[in-house]
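Below you'll find the structure, written out as structure tokens, and then a few comments.
Read from first to last, the chains carry the letters A, B, C and D; within each, the first residue is number 1.
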């Protein structure tokens, strides 16, 4: 195990960068959900390489095929298998990586653990593995939307030190998708794009922060004490490649405040609903959603594979240098946005089913 | 489910702040590990209230009893049940909390989810719940020590804006335990203690950051793609009460660097071991331990329960104010150190068993 | 792991025959279920030794204590911990078993697996371990009753070759409990009691078959393809000590029929409900409950521990003989009835929650 | 969930009778196991329809493709995805089943549970679903063979009342495969084949019993108290379509013996190994393998789908009759043999990994 995520809405992914294909099996999906390959493709296209001048120029169309679990356009409650064939296998680009370990990449640890490694394009540790997550996330989003008009919206909050100003309560998917870096603050977006292009030209890379908001969350999701909603979300996003940190609500900045400043005071709104005036909690209290917007942030390190020459060793421990060829993203953030959304949506959908049951939720 | 953590080294906790007691069942513990109640008690005493002038003055001795799974001083491979009876139940301190929701506490969300709540002392959402985790963590630490002399050392890195200087490669448990705030930087420790005392006198609270280092980690722990070591650690620590953020290695600060600055270059040491010169990765690459020290940080918010008056509502939605009575920690950090260590140790021990099997590891 | 059963209504048991005690933690219990120690005790008393002249004369009152998860007489949705202290520890009765392996008992395999064994009274492999199951089963039964008036009724169907005539559609708990062997066919019951007493006098033992019926089962429980209702029930009952076989509906006898004889024809009853005229399926089709009564049977072997002398070996492999002292059941069947009921109830309750969710079922 | 089986060696199956295909993802497979599509195909060919005159004449070649997890002929420790495309879709044969429920089939219960059903060819409840199990079982068998020369051999023990004489300690795969009914008792085999042909001509069906032996089992597999080896095997085989009963060792017949007759006396063999003289236990004691051969039996009911006319109802509850068209097996037993072997092998492989760890077993 290790490639399955979730308890009731449960996904299992498979596949390496090269080989037959990558995909996902979704087990526990509620029946009677209308879903099409086209809807899933929309999310995959947000993730795929070659979508803009600031992503890797590799051309992968990543066309998905639903193999099972959908009948006459509706889910049947049985496992949904989605396959994306691999293409465009320029595995010669990776030939130097057969022997040489890329710094801060998973080559050495896979060898240490398994004693074998599919060295083509990073194998299982390639970001290509996230295709299955994003495909499953598309279905999770659909279910969340049907049940309570739940919206999951991610965006680039920071590229290096360039920080966007975004109102998580108001941001729209249209704003996110209005530019290639997926930053709804358009002034910042331009600066981010310039920065990424510049660093790419140098053969180097940069990282940043994705923020993700979930709106219209039903109260009561999350199961103490270990399956707190934020704990499951933390696990989900920290299982994405290149992540180094996670925050919910006030996050690390909240540690600078006093309790009287940080606490979210309760009030009763015009509909008689108990609400909080502020949202430093980030949408959960005691690990259970409180109906306020869930707001999380994820730190992504600069892409490990760079064209600049670095010191490293071979599989046999001999010291050497490496300047990666291939076609790599100078910054993963724009493509990471749908990945973060997917993981957040999967966690919420799983907890929705734990609360309402598989067959009674939709 | 929700109260079970881990796959092969698996703990299930139970218990509320008031009632018969709190405890843990540890399933999957390797056989033939020497363990005593006294060893577990050492860790529980680091966690218990009333241990110093900067923690709550509640007197809870938290004496543990091993009910099963240990025979003639050794584990038998069967479930280990550890019970700590509840005492000192001044539940009248909480009488106002029957009706009134404490801001940023779990009262309202438990009511929303379950329609019922043990309102005495926070019930299941009380930090008292962590006793079972710390007791199990004591055994996990012991196993880690036996297998590879693995050390898990946590300490207070920051209280509000007071940041300690600590060398994670060299810090010792003795240094951590040399002062009541558990900060190995003694100059900082004094300032932290003063700050906590001052805020406590005001009836307010503060938060901070716990850092935890794991040394002598075997290579190869962690299972991609979802059960990456850092993902499981993130889930573990984010399931602790009052946590708002998690980092591994460079964390959020790593997003400011370029790839060429951030990457950890490989070299071969005098023993022929492949190592990295820097450790911005924080001990894992691709979700698998690389043999370098694991370094993580956890943000704890200021304690939610404060004596200062705050606006809130009752269960029925009527607006009111609350100034908590009871005896609360002005800062959870000193007592959070063993909790973080426990969760980190539990994850590592679980992955150790996934790598080596339950019965062959010790 | 290995001591946890169920997915959403999930129990973890612990404890050996001797030592602090045995118990169970129930995780995922729906909130707001009224439950008392007295109700649980009723089931424990049906299981306990010394209840009649045909069970072991060991006196164990098996008094249970609820440690958590119940507040003011109602479940809170948090883990319910139930503890039964061990008493009457005549461990000297087992002194010969320190070295000598009882034939067809678990002494040798526990040693082979774990390299250590709590040899007092069978340790973890003692039937005493089932206390936790029966206690949890009492709560599962209560929930099933509340949700749909579901009844789970077990009884002794066969002792050796003495086979009772019982109508599973009509049998009542009163009939089962009207005699000490728990067989509702009173003529057979007398013969069974005589047989058990006779074999006990010889220092030997016998086995038999427990049948269990579940009535008023909601349609739709069970999750193909692996978590079919009958597969989960099979696992549950085959995890009881001394079981050798499992059947649902027609069972092995069904293999003698043709399809046209065996198939259950459908009809529509006066309420417009689709029903089957016969019930060779035993209440499930395709692994999902069809609303008909679930009928299963479990084979229990003769008690392994007997007073008659047998050939065996010591821990070191030296050949020897053993004539067990201690006080053992000549036949486990009467006490096995509540164990089978408990496992069946636990599986049904788990699937109820998978269908309806934890918090929405009651 | 419901479509995942196993803990460390874990399979997830998907797919319906019609649609894109059926398949399996195997997670947790040890690395460095040599495996080819051809080896898997051997087992699939034992399962496929149209293999002889006593199986359905449907032509399905069931050609498998490994999509991931195998690199240069060896497993890599990452998920192995195996796909078999669907072909030969004569879905018009099933057109009457859109509305009409086949007696003792899963049509009605799927509708009751999910409110929707892929009615083509039985959809998910088709025996075609077992392709993924058998493919995964082929790999499990290979691992078992590598680790300890473990052999898993199933065969037809009974067809209706025709019972074969087979020595489980000596039977070979060659004997099993020497005839189309997979019964190593050749005299019986002929009678069984005649019986199946005769019943098929009548448009009716029959059932029987598959026996399966596992030889060279390492001691120590199985985890009390719930994940006993026989409990996990019971769940595995009872999750196969058309199963009605399970036995291990003496099974139901063992209930007729006394303890002194039934117990397996220990002795020490010439190699100093502790063994049992008889094997009524069937290879496990206390849920843990004792090194003797594991022997289990599974009852399969007569095929539900028959050409003879039966009374039934439509989806709307209207009474009607049904005489199935299509091409169905008059007896599933010959094709069930590899299915039983697969489930048994999967359980053993899972417990092997729980004992030795994923990466250290091979």
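We take it that a contact is a pair of C-beta atoms (placed from the backbone, for glycine too) under 8 Å apart; a residue touches a chain by one contact, two chains touch by 3 or more.
Because the structure is predicted, anything quoted here is derived from the model rather than measured.
> If you tally the C-beta contacts for A-D and for A-C, which one comes out higher?
Ranking A-D and A-C by C-beta contacts puts A-D first.
> Using mean CA coordinates as chain centres, what's the chain A-chain B distance in Å?
Averaging C-alpha atoms per chain gives centres 26 Å apart.
> For chain A and chain D, let me know how many angstrom lie between their CA-based centres, rounded off.
About 38 Å, centre to centre.
> Suppose each chain is reduced to the average of its Cα coordinates; what separation in Å results between chain A and chain C?
Roughly 45 Å separates the two chain centres.
> Which positions in chain A are in touch with at least two other chains?
Residue numbers touching two or more other chains: 1-4, 7-8, 13, 78, 113, 124, 220, 223-224, 355, 359.
> What pattern do the touching chains form: line, ring, star, complete or other?
Topology of touching chains reads as complete, every chain touching all others.
> Given the complex with chain A, which residues does chain B contribute to the contact?
Touch list, chain B to chain A: 1-5, 7, 13, 101, 103-106, 108-110, 112-113, 124-125, 129, 158, 160-161, 199, 204-209, 219-220, 222-228, 230-232, 234-236, 238-239, 241, 243-252, 254-268, 272, 274, 276, 280-282, 284-291, 299-306, 308, 310-313, 317-319, 355.
> Given the complex with chain C, which residues does chain A contribute to the contact?
Those in contact with chain C are residues 7-8, 78, 220, 223-224, 353-361.
> Which of the residues in chain B come into contact with chain C in the complex?
Within the complex, chain B contacts chain C at residues 1-4, 7-8, 10, 12-16, 19-23, 25, 27-28, 31-32, 65-69, 71, 74-81, 83, 113-118, 123-124, 359.
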